[in-house]
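Could you have a look at this structure, given as structure tokens, before my questions?
All chains are identified by letter, namely A, B, C, D, E and F, in their written order; residue positions are counted from 1 within each chain.
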Amino acid sequence: MNIAVVKPTRRKLDLRNGRVDLSHGAGGRAMGQLIEDIFHTAFDNDWLRAGNDQSAFTVPAGRMVMTTDGYVVSPLFFPGGNIGSLAVHGTINDVAMSGAKPLYLSASFIIEEGFPLADLAKIADTMGAASREAGVPIITGDTKVVERGKADGVFISTAGVGILPEGIDMRSNAARSGDCVIVSGSIGDHGVAVMSKRENLEFDTDILSDSAALHTLTAAMVAVGGTSIRLMRDPTRGGIAATLNEIAHQSSVGFRIDEEKIPLKPEVAAACEFLGLDPLNVANEGKLVAVVAPEAADAVLAAMLAHPLGQEAALIGHVVEDPHCFVQMETSFGGGRIVDWLSGEQLPRIC
Amino acid sequence: MKYIDEYRDGRLAKDIARQISEEVRPDVNYHFMEFCGGHTHAISRYGLEDLLPDNVRMIHGPGCPVCVLPIGRLDAAIALAQRPEVTLCTYGDLMRVPGSNGSSLLKAKAAGADIRMVYSTLDALRIAEAEPHREVVFFAIGFETTTPPTALALRAAIEKGLENFSIYCNHVLTPAAIQTILASPEVAKLGTVKVDGFIGPAHVSTVIGTEPYDEFAENFRKPVVVAGFEPLDVIQAILMLVRQINEGRYVVENQYIRAVKPGGNRKAQAEVAEFFEQRESFEWRGLGDVPQGALRLREEYSHYDAEKRFGLVTPASKDNPACDCGAILRGVKRPTDCKLFGTACTPDTPMGSCMVSSEGACAAHWTYGRFREHAKTKEIERSVA
Amino acid sequence: MCLAIPVQVKEVLPDNMAKVTLDGVSKIVSTALVDDVQVGDYLVLHVGYALAKIDPEEAERTLELIREAALGEVA
Amino acid sequence: MNIAVVKPTRRKLDLRNGRVDLSHGAGGRAMGQLIEDIFHTAFDNDWLRAGNDQSAFTVPAGRMVMTTDGYVVSPLFFPGGNIGSLAVHGTINDVAMSGAKPLYLSASFIIEEGFPLADLAKIADTMGAASREAGVPIITGDTKVVERGKADGVFISTAGVGILPEGIDMRSNAARSGDCVIVSGSIGDHGVAVMSKRENLEFDTDILSDSAALHTLTAAMVAVGGTSIRLMRDPTRGGIAATLNEIAHQSSVGFRIDEEKIPLKPEVAAACEFLGLDPLNVANEGKLVAVVAPEAADAVLAAMLAHPLGQEAALIGHVVEDPHCFVQMETSFGGGRIVDWLSGEQLPRIC
Amino acid sequence: MKYIDEYRDGRLAKDIARQISEEVRPDVNYHFMEFCGGHTHAISRYGLEDLLPDNVRMIHGPGCPVCVLPIGRLDAAIALAQRPEVTLCTYGDLMRVPGSNGSSLLKAKAAGADIRMVYSTLDALRIAEAEPHREVVFFAIGFETTTPPTALALRAAIEKGLENFSIYCNHVLTPAAIQTILASPEVAKLGTVKVDGFIGPAHVSTVIGTEPYDEFAENFRKPVVVAGFEPLDVIQAILMLVRQINEGRYVVENQYIRAVKPGGNRKAQAEVAEFFEQRESFEWRGLGDVPQGALRLREEYSHYDAEKRFGLVTPASKDNPACDCGAILRGVKRPTDCKLFGTACTPDTPMGSCMVSSEGACAAHWTYGRFREHAKTKEIERSVA
Amino acid sequence: MCLAIPVQVKEVLPDNMAKVTLDGVSKIVSTALVDDVQVGDYLVLHVGYALAKIDPEEAERTLELIREAALGEVA
């Protein structure tokens, strides 16, 4: 028996000039092709190719963590990365900040009608590369298309799961008076890199986003610091000012930090002067803040300095008792000041 | 669903089919053209051809307004929508129709043109009222059924003083097209297309009535049976045509008498006459220029005529040379005769308009019927093996 | 393009509008093209406008004819 | 020592007339308050209140599944539910379709500036109720706010994880000729309920969305069917037509189904006539399609009929050999037809 | 950063502070008003008050354009933005300023008003060019520094023929305000506010020069030192003021000589004079009506004046009665004197404009300095215990 | 409102614009309010416009005065 199976010719997506249209989100063949040609190609793993609505994996008994973040960065492409690298790194980092080893990611795309297929492919390729480099595959995903004017290019929500080493149980309320505060490198690079390309703000600088997956750094830290690491946090939105204030309130402590010890690139400082911003409020995507028991601080810092992503790590201050939960900073000028959450959105100041 | 379910009774259909088989003369081939896409859709959707004897063949006519729209006019609509000040309102059916060079309204929308899908002319009016700074153009296409709603929208726009509303009129006229088919060389002289009778339009006839068909029946000596769009309506109409042929009659009969009156809907006709007049000639895809084949806005309503308001020029239609839509719309070819059918051309990647509208012959066959070829192939393979 | 369905009038509304229904689904449509619309009437509905009334007697007669044809009776 | 701690008065969110503004997404106190007052209140669990960037849980050794979906439904509120119930049910269902027991959810919110706080609270409350009812807590989340005109009210992406019973390993390519196709109840309810409230389409009907979490139903099915259940799928976007076509292509088989056996509410059929749609293409959010080995079909169907969410379950057809992977249907009229994917978006047809 | 870092050297600051401590007369209290919010910000940001001897007290002046904008004019701007045809362009600083009844531009934007934050008047122009169907209004506020950029934008709009661009002018004049303060009863007669000298504006002075201050120094016998906004600039200016007092001098000195010329920037002054003229009187929040306290567009440019173009009426300002901004802006009270400070009123939930702008006295103290009270409380507690 | 920073001119552009820089960060700004702008000049930049030139000698002299003051010398 030799039945001629005539199958529709699979026309290739026009990755040069094509655009996402509503049919790409409608659950039909056009959507299947978009997912296959762009996402499966970029993420390249058997979980996705199996085409199930969920993916399975094996875990040992123990404690796991789960996290999610939505990515809505504008512009989508910026020096040092794009929304895709953020969506991978950011969620890996949120897993890693617990001390866990990130295992798998999911990715949900919400795409605006008209979005260039070339840009979508570029973003997906970046995600694939970031996920492979980190060894954390994207095993399940979803694609929605909304009408023009109902989104902003593309939004990505990733979720991540990881497994915790035995005994590790970091909590945001674990900081205690006397603990050391360590930052893993220079602050504000990401926010400045993004703002440099924002419409109406455009300025030129060589600063790149610091977007990076920090799980190998945290693994190295946990290896030497173990339970002496009280907690770790990646200072993203709101910068280290927001992170320290959050920890202060969650742990009911205060901080004393030293401006001079905080790693800061001159170009970032200069860009902040241009924009009237405080680098402490500016977002990072490849940095972490760790609160470490004093006896382990040197070892943890040494482990960080020995890691490529912690070469500029620095001990920037200490946890203090403070019923007001103030984050106080000794300025390089010599005076004291409070470091507060930013109020409202981070906007260039005129005043 | 009253007036629906009772006309979808498969057992009755089989009985009538058996009756047809009994009544057809074995030595005669019966060729009936269903003019309307609505009938084409019903025939494919319910697999009516399976029930008919081999010597009764249905020929799909050009009765799908989406399919007969010349590419040049679609291109003009796309260009119009791309103007920054214009909001183009269209029935959803047109969104995926391929224009020149792989364009479509859907792609133009994705690329930024302000194109809104509407369900009714009322929606287009509502948009024009709500967004007075936009030039809202209604992309009017359709047969005599959709024209009265366009006329009413225009009346309302005038009454409301909506200066930002206009109409890109592509309304076409059914009788003119039937006339053209019957007078065409393929039918009248060459005999390459044999048409022994017509199934006449269902809803078009609610508006124009059955009278306009009398002339053809008379002049061309072809029976016409106006029929509803449900499968029992169609199969009964086929029986009625077989009987006329067998009896040597050629009159207009009305199977859809529950909704169609001989004179049609006078009120709707008056609304249309108020605002529209016949064009001397209009291109129908597949049929070429059809004399008196379409309507345009009357001179006194030029202000609402998007063609005049925006100085639209209709580029010459560059049909995709590999697409056989034209021949299919004339009944000269069947969808499966097209080399692209089911390979390069599917509803997901349509190359021609007949693959877009569910009333298009290609789409109807792909969507509902394409397993039949394969079943036949199988039988052939089996008999060969 | 000529998709149209039979609906029943539930309520006659001002401005030539009516609330019509099909098996528990109702919608407000224009009846401006049809004269003398009454509650209970069946209409042919197309793109938001009623195009014609359905004549119940003719509908019944058509069904009769269909049944007869199925039985092999010639009308 | 008695230090007077003057703390800022916490002004309550104006849940009656307030709107989300850009400061609610900026990582400062306003965001903290939004999250606390709306999401923590609605989701009500200690994981969230701990305020970490990720949440931890304990699992036994074995196989897990992970899934994600983005929810962009319009309108956000519809008869029978809102985007929040969908976001919980839909992701629980994608976990459950593997045969797994859903454990935890994450939720990522992308909110348009100007969105009424009252609506956000209503959506969050619905999510909280749905998650509690299902016993699947939302343990981690994220909130982003984008400028007006850059989203459509609110988008929600949820991810879910679950554990697989030992030995269960359903795959989309597992359907074999002879298998039975079972649907858990009437089709098209969700899509019709949503479309009935869509601008320009508005029609009145009593149809409610079928949105429901199906994991107790799938558990009951797995309990009797075990590995005889080849695969399960929830026929959401694209309806059962899309689901059957996907399975047919993934398993390289065909289907023969029987239109008369497919449960369909008269109102849904009527609404589809109004809109020119085929109910087979219309979305469901509380239904599943199962492909079951013939020897187990009766037992599985019986288990479904005994479950509140499967009372109208029906065996609608069979898997057949077919190199063309056609889904063929015997129509109630008596003829045969193909059931295809919908091309383009599901739009009301005029033709 | 050249011209920045060298003026932020804390050791030098301490040395100068020591010098101030040595030079002040123990029996004299020195009260200096820094007019400018830029100085207020520097004093708080760098903790300069900690360095000064107890008998040198800084009084925060009204030099923050956001803080002195009357609520009525903000309300008018919000109402303007709510017009459907209007796009209001504003510097980001104004977004969170509370208007009447809990309103703000941020909330109006969230509720649908088309409000765009701009970094420069050039951005507002660009919007007007790109969106010719919108009425683009630039919400112009600021002192003599921001006025020339507004003038240039207006010149460009006229040259480009941008008919859809206009300006809601709230530009105010520094010398008039200093005059009003010095002549106020609190300073001049009642003595409730003691002002022994002024730190004069940095960047305002780059435009207007130092000459306008000569009159005050002379008439009111108060020393004025124009100073830069870096901390060393400020502390040196304080030393210069102490020395003038000690020496019985009252002249205008220029600490910020690297950027400020006696005559200022003539070109900028000419641009302003071309398009703007003085208002007879203008309400400054806290100071009340200030004669010649602000600018308006000249008659011949009325077309570009949003107040005229949209017939704006400025509602009477309904200041929040619990908010002490007014008194603080006059130097009569300090932020911590306000009952709402740090409880109901914080930068997240500002009750008054002084809590919004980082140059506002309340915001500067909250953001940088509020640990000091608590530190003092602690010391008191300790000494009591 | 009067936030302004010192920037150096890297490139003079047509239409009274210039590319200015501060420690590796550069931006295009208007110099329409300042006469005779040259590459190398330092400008006070405010809301996208240069308001004044910075006089390097005066800047140096100010620093001298500050240093003297710190040493307790009266100018």
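Everything below uses one rule, namely that contacts are C-beta pairs under 8 Å (C-beta built on N, C-alpha and C of every residue); 3 or more make two chains touch, one makes a residue touch a chain.
Which chain is which protein? Per UniProt: A, D = Hydrogenase expression/formation protein HypE; B, E = Hydrogenase maturation factor; C, F = Hydrogenase expression/formation protein HypC.
These numbers come from a predicted model, not from an experiment.
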{"item": "Third chains touching both chain F and chain A", "value": "E"}
{"item": "Path length in the contact graph (chain C to chain F, fewest steps)", "value": "3"}
{"item": "Contact-richer chain pair (by C-beta pairs counted) among A-B and A-E", "value": "A-E"}
{"item": "Inter-chain centre distance, chain C versus chain D - centres from mean C-alpha coordinates, in Å", "value": "37"}
{"item": "Distance between the centres, which are taken as Cα means, of chain F and chain D, whole angstrom", "value": "60"}
{"item": "Interchain centroid distance [CA atoms averaged], chain B/chain F, Å", "value": "73"}
{"item": "Chain A residues counted as touching two or more neighbouring chains", "value": "3, 6-7, 22-23, 28-30, 266, 269-270, 273, 324, 341, 343-344, 349-351"}
{"item": "Chain E: positions in contact with at least two other chains", "value": "1, 4, 37-38, 64-66, 91, 93, 96, 106, 119-120, 123, 142, 146, 346, 348, 357, 359, 374"}
{"item": "Chain F, residues touching no fewer than two other chains", "value": "1-3, 5, 22-23, 47"}
{"item": "Chain B residues touching chain C - in the complex, by the definition given at the top", "value": "1-4, 6-7, 12, 15-16, 19, 22, 36-38, 64-66, 91, 93, 119-122, 141-143, 145-146, 148-149, 152, 201-204, 206-207, 229, 232-233, 236, 239, 243, 255-261, 265, 267-268, 271, 357, 359"}
{"item": "Chain B residues within the chain D interface of the complex", "value": "1, 4, 8-11, 13-14, 37, 41, 44-48, 50-51, 64-66, 91-93, 95-96, 106, 117-120, 123, 126, 142, 146, 231, 346-348, 350, 357-359, 366-371, 374"}
{"item": "In the complex, chain B residues that touch chain A", "value": "96, 106-107, 109-112, 342-344, 346, 348-349, 374, 377-378, 381, 385"}
{"item": "Residue ranges of chain D in contact with chain E within the complex", "value": "1-4, 6-9, 11, 19-23, 28-30, 113-114, 148"}
{"item": "Chain C-touching residues of chain D, taken from the complex the two chains share", "value": "196, 202-206, 266-267, 269-271, 273-274, 276, 349-351"}
